[in-house]
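By written order: A, B and C. Residues from 1 in each chain.
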């Protein structure tokens, strides 16, 4: 397969996933912020947005482009601002551009779903969204789900699909990790040092928001009936092999795809990216949430993020732009 | 009421009808089948054809459309029919012409005998925009420069054929010749009954054979052939994907290729793969930034040197544009005589050159009668249709010509032939041209019996280019033993 | 004269670069005036070098794919120069201009008679031609010698005053430049006068002229005599040099060096001929990576006693 085609497939997967993650993040932040504003002092709202800007790593860009952190500007920035590379419109547009370059690798339904929703997005503007943010954000999530469903149903089980999945799951693992990291940080009330395990913050609403933002709330309860405990949340979102948005699940899927792509024997990692992914997957498999909290969640998630980046770099070097 | 009710030839040569209104013998069967078809049924078939076009994604990109709209190229269902004897004549003429033009290109890049013998003015050739001095002395495989050619033919009021131009660089449109046939057999299967229509589907097989034969000798066993496209934003991108698919080869962009030690490789997820033949649909200027345009991101650095080293073949070769220059065109009959020692079979249209002082005066004095074309542009851009232009347009164009005479040529307006095309609820005559595709391989010239017939869909328009609102027709070439062999003047 | 040329070019890049492709035009040609006895190119980091015979001369090409932060190109040539008396075919006294009006000449050398990228045909140069004409005899050679001398006198050699893309008009206004500019200016004048003229790249030996004279040059009709003293102050020895070659009515190309006010002789080593600098630049390259690069070049031309 041409490296460029693989690269485009990889990025279609990434961008669609990134779009969905942005919509989830906005949705949960907006609504949990509304709730907490009612309960606590004014100013919390802006603090909620700050954490959102931190998760996305775009606080600096935002302050350059907008004067204050108000709902309208925040929505504009995260939804429609093409100068913001992670805005929903920008990431979907990039997914579509990549798809256009590899149309012969995709089913025509996949292209149509990307294109149709792109044209749909262009019909919206921030004022329409503000009136009903949830409707809009659900629609974005649905578009991503539709695309991924069509992918599952129509795309040939081949290398192109493996590349799409590599992009999707690597992005998903990263997004979940990052979300947890920043929310955790947020819950510690911006303290730099990680809290020891016994001292985990008990802001119930915060943890519920974390779970909801990755559609994990109900699933979490099925696995952990004891209620919301930080250790269990970390276990569920990071280590659970069966929850589709967990870091462990994502990395496992990435490993499987890379293994098929390399086409090597069952028992040996065929390539550097495969080795890196397998190594991370093994760590996540045999680790316990308590251990993670013992040594500190933030440094742990940080290292996961770095290792995901390394996997991405290794994929690029080995397959895509050599 | 017949769909042909009140059809007028209006003094033009009509492909289907004689001046007296009765169909030409080779169109008789088709006429009878269509004449009694109810309007609704014809419409239904049109819709079926449109649907097929859209479903197959047979489209061209509309430039400057931010939504990235792709439109199907208008396809008119009534085929254009060429009887066997006419086709033989065309085939002879084009074979002769491409043979001569290839010899010309070879000569220009070697000894330049023709210039020394003054059969063509040296200024014109060496000053042509697409002349590549850097390629002096270079020897393409088998001495063939032009592997794929698309020549545009027109007919005048008497029905005589003329060559209007040759496309020797990256001719396009062949996918429509192939697709139109497929669609028409689906939409109008019964029209084909009893008509001995020659097949066109061996075009890609033949092309692939020729391309594979270009590979370096030691790689000829199983050469890697690729199609090089400028990318998705090129207006002919659909054709590139179609041909790559039909030929069963990879469709690559410049960034998919790299050159190492004068060998071209394509980047795949399983490592670099050596490339032996490049069917390139990228202009010379954008092939290699080391050679032509350092600012171009499209090309492959080192590609030209790899080509010079003989490790990779290009189709078409570099520098072929010197032979399809619009000013050199004026001398193509001389070129045929010079290299082959025979009279040209197909005539060309009388051409006045801006570079020639006498011609220039004639052009400026007769702008209202002439078609003026820019020597360096194609696709119907940069031209003036003198007879239909306003005085202001003519005056403006005269200034352009005076500012850069070498860049313009002029020809009398030929009242090109017409064929019926469907408009709303009946047939009307529309101007058409004919573009056959000629393949030149190591074992000679092949012309697949078929063509792209382009139609100026707008009433009265002479411009058939897709970028200017043109459409196309399927083109049927009848086999020799056809019952309705008729004399047509050629 | 047996001359050895060592031409080194070193590129240092601010960051590592990849996909570095380079074309070199450095190999002295072999013709009736000189024989290139030996030529070798070495590249560091090592690369396989390919040679192509092109209309302007031999071009060497190589590429480096792996990342690297510097590139050293070293070309070494051994050349025996033995030009015939450069003045033998020059007719200084007779008006031979009809030669240049022949259509065949105009067709054959069209390339060297028309404007090119760095040599626009400026009407202003007409004045220079007229001035040179007044200072010369009726022969074309005489005119070209006068033109060479005139440009040398009027123009100031000022390294660093121009760069490769300085327009000729600016050179003409400021009356200063380097050897490329002198050559381009002279080309413009010659072409305007319908004398086929081409840009010649090469090397010049500037070392002490030995006491023995070249056998081919006993009685040079050069007014100020082209002698050893003059050679000692020659310009262009520490880099690649450029001069002009004109087609004389005897059908031969003769070199004129406006930078040094000389007619090309055995001190000159011819490398390539083209329309202007763009055709024969010694190194032409393209790479992927940071645009910041530094180039140092050094040329050494020395006389050898024996092969």
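Here is the rule we go by: contacts are C-beta pairs under 8 Å (C-beta built on N, C-alpha and C of every residue); 3 or more make two chains touch, one makes a residue touch a chain.
Only a predicted model underlies this, so the values are computations on that prediction, with no experimental measurement involved.
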* What is the shape of the graph in which nodes denote protein chains and edges denote touching chain pairs (line, ring, star, complete, other)? -> line
* Which chain has its C-alpha centroid at the greatest distance from the C-alpha centroid of subunit C? -> A
* **Where subunit A and subunit B are represented by their mean Cα positions, the distance between them in whole Å** => 50
* Geometric centre distance via CA averages, subunit C-subunit A, whole Å -> 63
* To do: Using mean C-alpha positions as chain centres, tell me how far subunit B is from subunit C in Å, no decimals.
  => 45
* Asked: For subunit C, which residues count as touching subunit B in their complex?
  -> 19, 21, 23, 48, 50, 52-55, 61, 63, 65, 104, 107-108, 110-111, 114, 284-286
* Structure fact -> Listed in rising order, the residues of subunit B that touch subunit A in the complex are 57, 67-68, 231-232, 241, 245, 250-253, 255-256, 266-270, 272
* Which part of subunit B faces subunit C closely enough to touch in the complex? -> 115-116, 118, 122-123, 126-127, 133-134, 136-137, 258-262, 289-290, 294, 301-302, 305, 308-309
* Structure fact -> Per the touch rule above, subunit A residues touching subunit B in the complex are 1-4, 6, 100-101, 103-104, 108, 119, 159, 163, 261, 263, 319-322
